[in-house]
Amino acid sequence: MVSFESDYIAGAHPQIMKRLAETNLECLSGYGTDKYCESAREKIRAACRCEHAEVEFLVGGTQANAVIISTMLRDCEGVIAAKTGHVSVHEAGAIEYTGNKVLELPEQNGKIVPDMLAGYVADFYADANHEHMVFPGMVYLSHPTEYGTLYTKQELEAIADICHQYGMTLFLDGARLGYGLMSRESDMTLCDIARICDVFYIGGTKVGALCGEAVVFTKNNKPRHFMTSVKKRGALLAKGRLLGIQFDALFTDDLYFKISSHAIEMAERMKGIFEGKGYKFHIESPTNQQFVILENERMERLKRDVAFSFWENLDEKHTVVRFATSWSTTEEDLMALERALG
Amino acid sequence: MVSFESDYIAGAHPQIMKRLAETNLECLSGYGTDKYCESAREKIRAACRCEHAEVEFLVGGTQANAVIISTMLRDCEGVIAAKTGHVSVHEAGAIEYTGNKVLELPEQNGKIVPDMLAGYVADFYADANHEHMVFPGMVYLSHPTEYGTLYTKQELEAIADICHQYGMTLFLDGARLGYGLMSRESDMTLCDIARICDVFYIGGTKVGALCGEAVVFTKNNKPRHFMTSVKKRGALLAKGRLLGIQFDALFTDDLYFKISSHAIEMAERMKGIFEGKGYKFHIESPTNQQFVILENERMERLKRDVAFSFWENLDEKHTVVRFATSWSTTEEDLMALERALG
Amino acid sequence: MVSFESDYIAGAHPQIMKRLAETNLECLSGYGTDKYCESAREKIRAACRCEHAEVEFLVGGTQANAVIISTMLRDCEGVIAAKTGHVSVHEAGAIEYTGNKVLELPEQNGKIVPDMLAGYVADFYADANHEHMVFPGMVYLSHPTEYGTLYTKQELEAIADICHQYGMTLFLDGARLGYGLMSRESDMTLCDIARICDVFYIGGTKVGALCGEAVVFTKNNKPRHFMTSVKKRGALLAKGRLLGIQFDALFTDDLYFKISSHAIEMAERMKGIFEGKGYKFHIESPTNQQFVILENERMERLKRDVAFSFWENLDEKHTVVRFATSWSTTEEDLMALERALG
Amino acid sequence: MVSFESDYIAGAHPQIMKRLAETNLECLSGYGTDKYCESAREKIRAACRCEHAEVEFLVGGTQANAVIISTMLRDCEGVIAAKTGHVSVHEAGAIEYTGNKVLELPEQNGKIVPDMLAGYVADFYADANHEHMVFPGMVYLSHPTEYGTLYTKQELEAIADICHQYGMTLFLDGARLGYGLMSRESDMTLCDIARICDVFYIGGTKVGALCGEAVVFTKNNKPRHFMTSVKKRGALLAKGRLLGIQFDALFTDDLYFKISSHAIEMAERMKGIFEGKGYKFHIESPTNQQFVILENERMERLKRDVAFSFWENLDEKHTVVRFATSWSTTEEDLMALERALG
């Protein structure tokens, strides 16, 4: 059966597997102090054109979100996120578990709207009782969002301006960053992201790695004794090499961007297949996740041949489902999908 | 200057002060084990007509909310509250500080709507990925709400039914419970509250005490070793007598209800004064807090003679302000207000 | 029955009760912003001869410890305490509940020994793996200690020097501070405490108040938005006047010191009574708590007439028990004790 | 340069790398629901001869400790550990970060002594004030310990008896479990561990895997909705296959035990080399970590050719250092060590 269930259904990109095998017998120091972590850091700094960037590796996305938010917020602060943001909905309360509140904003297509953000923060400071409330200390956004949508450079800069006007940190969750950067509709490069955001991460898990997220602090703002804080959160990997070698491979010969481009190319062709057969999309996504509206009976039949994931019930007769592409999606997969759609 | 700023501007009701003075020299054991705590517990059980109720005293409302929620939720659970609920907005993230998420629902007049609650929980369990989300484990509601409004018995029972259908605890924040029970529009007694809710508290701080909230567990559901959990949260008072004596006084000769009735009577008359002069209300409140719309210039003038509290900006020219009555509100206060309104 | 069970068996000193009664009808703003809180702050600053001191009021000792420690430590840090320190043993894990580790040191007579402290911290920084460990960020000590013993000025200064050498905060728990200052063996004044420590609190609960501890930040080091952090921990009292009025009374006409002196005087006489009858002390305490060794049968008989508290089993036939004096201890109490001892 | 720095200096055992490569293109579901996780669970249950055991995979040791302890303790409880236990010293306060106290016991050779444990718990319950203290709810022990030492079956059973007498959970940290089981001095099998302990984990990271620990709940005691609790702690791996495939390989053809045996064999021969040259050991370790006393000048010279790790300063002239073996230690490594020792 062909699968478009998610972008983490396969193992790692073969080039990553090759490097893990080649380096397997080398004796390396632990906890992210090895030469491959160092090399990966250097390559990421170069790719960001941000020489002073501080780069640290974590294992997964929820973990990265919890570590970054809880080490960068001050005691009186919380983090603003779209109501549909991953930290708001799908992390089982991991941010709250660290003692910090997620302040939810309404969203449009999964995105925070700069004007709403500005209004929210202005209202907060206008409130005479705001000392009894959680201060907005950080803005969390995901790019691409949970709906596959993208911020424009103008939007991201507008959000950054609001953040800096009010002393808030701008944090971008890039679990699928590559797919955003390689989207035909993107008007931003990795350098733009690094220039505009205060901290972000470059997702590995969903972009060809076995696991791993590379956190980039761009404003000399890495929390002091960060390694200890990571350890304290149970997030420090003994064989840090596992992350370093993977990111070193991803940032060698543009592998990260090639993987992302391939998935985007596959997604565009998949989109064409659905459109050609008259299917409608729930949302216009320019990235590797496509949200298709299926008539329920058809959905049940399709399930026999193709794996995809449930998104939400649209109405009594229709369901929104998600098809995702990744480094491992092949032309054969697309042909199988086309056949299954009948 | 006359003040309607809040219902905690004065000290304690004279009867409470009298009892504190009379008992002052008695040697009593600490931490809520003294005879006055025991007597207050007994009187509260009788007033609730709930013999098996377990009653414990805490110092303040935010503390009570944090202690109750964090000791009663299971690890995978969060607490549902109206978006305007005190735990959602005005507790500086105290619930999240305990590691637990507040799941916000839209509200109507400050109240949770049973149908919306039912829909929210049904959607949660329908979601294939709900194991990645915070489980709804408790419903928090305030009665009266932050807007002075009241649930009807039918509404509260409907919410309780939903809670019990899904294994959720129904928790009622009664920081101003007396004003709700004594409102002309109330169709519930204290016994109804005790019968319908799983846990609630009878507010003292805002109903005539110096401090103190009496938490009532109605279903043999007091968490085991609750005293230790209270201590762990820094909420155990050494001189527990301070709480016991006050609640013993409040539940002697119906003082709690008399205080509340008085404030309601004063609020009704205050309402009449505003209406008589053509003022509009932002919301129809049947309890001791009245939310009046003031033209901004008039508001500034009024401030010179009367204390009240800012609620929110309505539009460029109007502000919503709150006037609260309490045990200490006098006829003279009302007359002074009437004069000041001109 | 006469009671020496603790120093919080009675209500408040009559002068405090008088002030609470006199001010009861005044309309005051909430949350510690009223004029009595302000006046108390000013008087405490004067008593400390520390004009820039920042003073805040909290309800109880465990709460004060948890709030101070958790708002002042950095993420990678923990607090050093004697193994017998209140935060180590008798707070039900309140410090750990805030996510912070208590680093226990061996003690001598309940006190931290400067040399051991220096050794501990030096060893920490000498450890090549100390980034995997909790950094020592604060030293907690109680004065008087849980055993009634006192630090000398030289000892406290030595500890302060070590703290400042390693960037640690020196925090003194003064739940019973008055009894320490008024002890015949004390060589420190309140000004010394304020000069040497970075933060400390002046205990009210155990020195004549109904409740309340006055936290003093002496180095312009009050955490930013402290009120919000206090609220977040459920520790902000709505009727803050309850604390302000009490501390205003305690620091008027030296009441705090007179209360303490009286208890010390009573303790010295009580000590004489025990000595005169040949009883032995478990520890040499110069303050208001006396730890007496009782033969078990005698202890059982004594219990019929006198209340005291169990401290620990010494051996099969003897028990250590505690007798405490306070503002409420009278000559009659001592005579009754003498009679009961036979 | 030859390295004995730790047992996680190399990548994974070649058999694991092979399986990761072979399965790399397979489409598998995420979060530990794939067939390899299921197969690994089944094989571990069989190896433990415990059919009802519930097995879950986590990424690392500190994470496993924090997740297990914080999901299994009740609110009033803490976890007992030896003063030298990993959770006490080298996890940067990860347990306290979850809000739970580590109750430290004195140790002998890194081990908890049954009599001391029994005394500690008995004393706790004998204390009249124990409701103000953290209840002992779990015993944590590591096997082998941080010093490479082993519990005997009799000791472990004695500890289990005490645990069960007082309603405590017995949790064994098996980060290096294989080396314990394969030690010549071990009198326990994996089945004994599974029978005696309530929960334990089989360490992968330090026994040949890239990462991963297999947690085994032996008494139908896996916390409800454990996946959600794991997610909440940022510990849920999206590509759960990475853990499942590795443990499936480790428990195929006894690979886990073979890896462990090899390391033990190498450690024994290394021990012989040191002994043959007259070196002394700081502690008698029967497992893969050897703690050797080196004269400081000799240590400095040795560092040029051999990597090992600092343990502690013994005296002014001597240092204790650790040499560890693992799956990757070769005869050539031992010969190189022998040459370097001169």
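Which chain is which? They are A, B, C and D, in the order written, and residues in each are numbered from 1.
Rule of thumb we're sticking to: a residue touches a chain if its C-beta (ideal position, glycine included) is under 8 Å from a C-beta of that chain, and two chains touch if they have at least 3 such contacts.
In this text the structure is predicted, and so the values were computed from the model without any measurement.
The fewest steps needed to get from chain B to chain C, moving only between touching chains, is 1.
For chain D, the chain whose average C-alpha position is most distant is B.
Distance from the chain A centre to the chain B centre is 41 Å, each centre being the mean of its Cα atoms. In whole angstrom, the spacing between the mean C-alpha positions of chain B and chain D is 50. Residue positions of chain A with contacts to 2 or more other chains are 76, 91-93, 97, 99, 131-134, 228-229, 231-232, 236. Touching chain A in their complex are the following residues of chain D: 3, 5-6, 8-12, 14, 17, 20-21, 23-30, 59-63, 65-67, 91-94, 97, 205-206, 210-211, 228-229, 231-239, 241-242, 307, 328. Those residues of chain A that touch chain C in the shared complex are 71, 74-76, 99, 131-135, 223-225, 227-229, 231-232, 236. If you check the complex, the residues on chain C that touch chain D are 76, 78, 89-93, 96-102, 104, 126, 128-129, 131-134, 309-310, 312-313.
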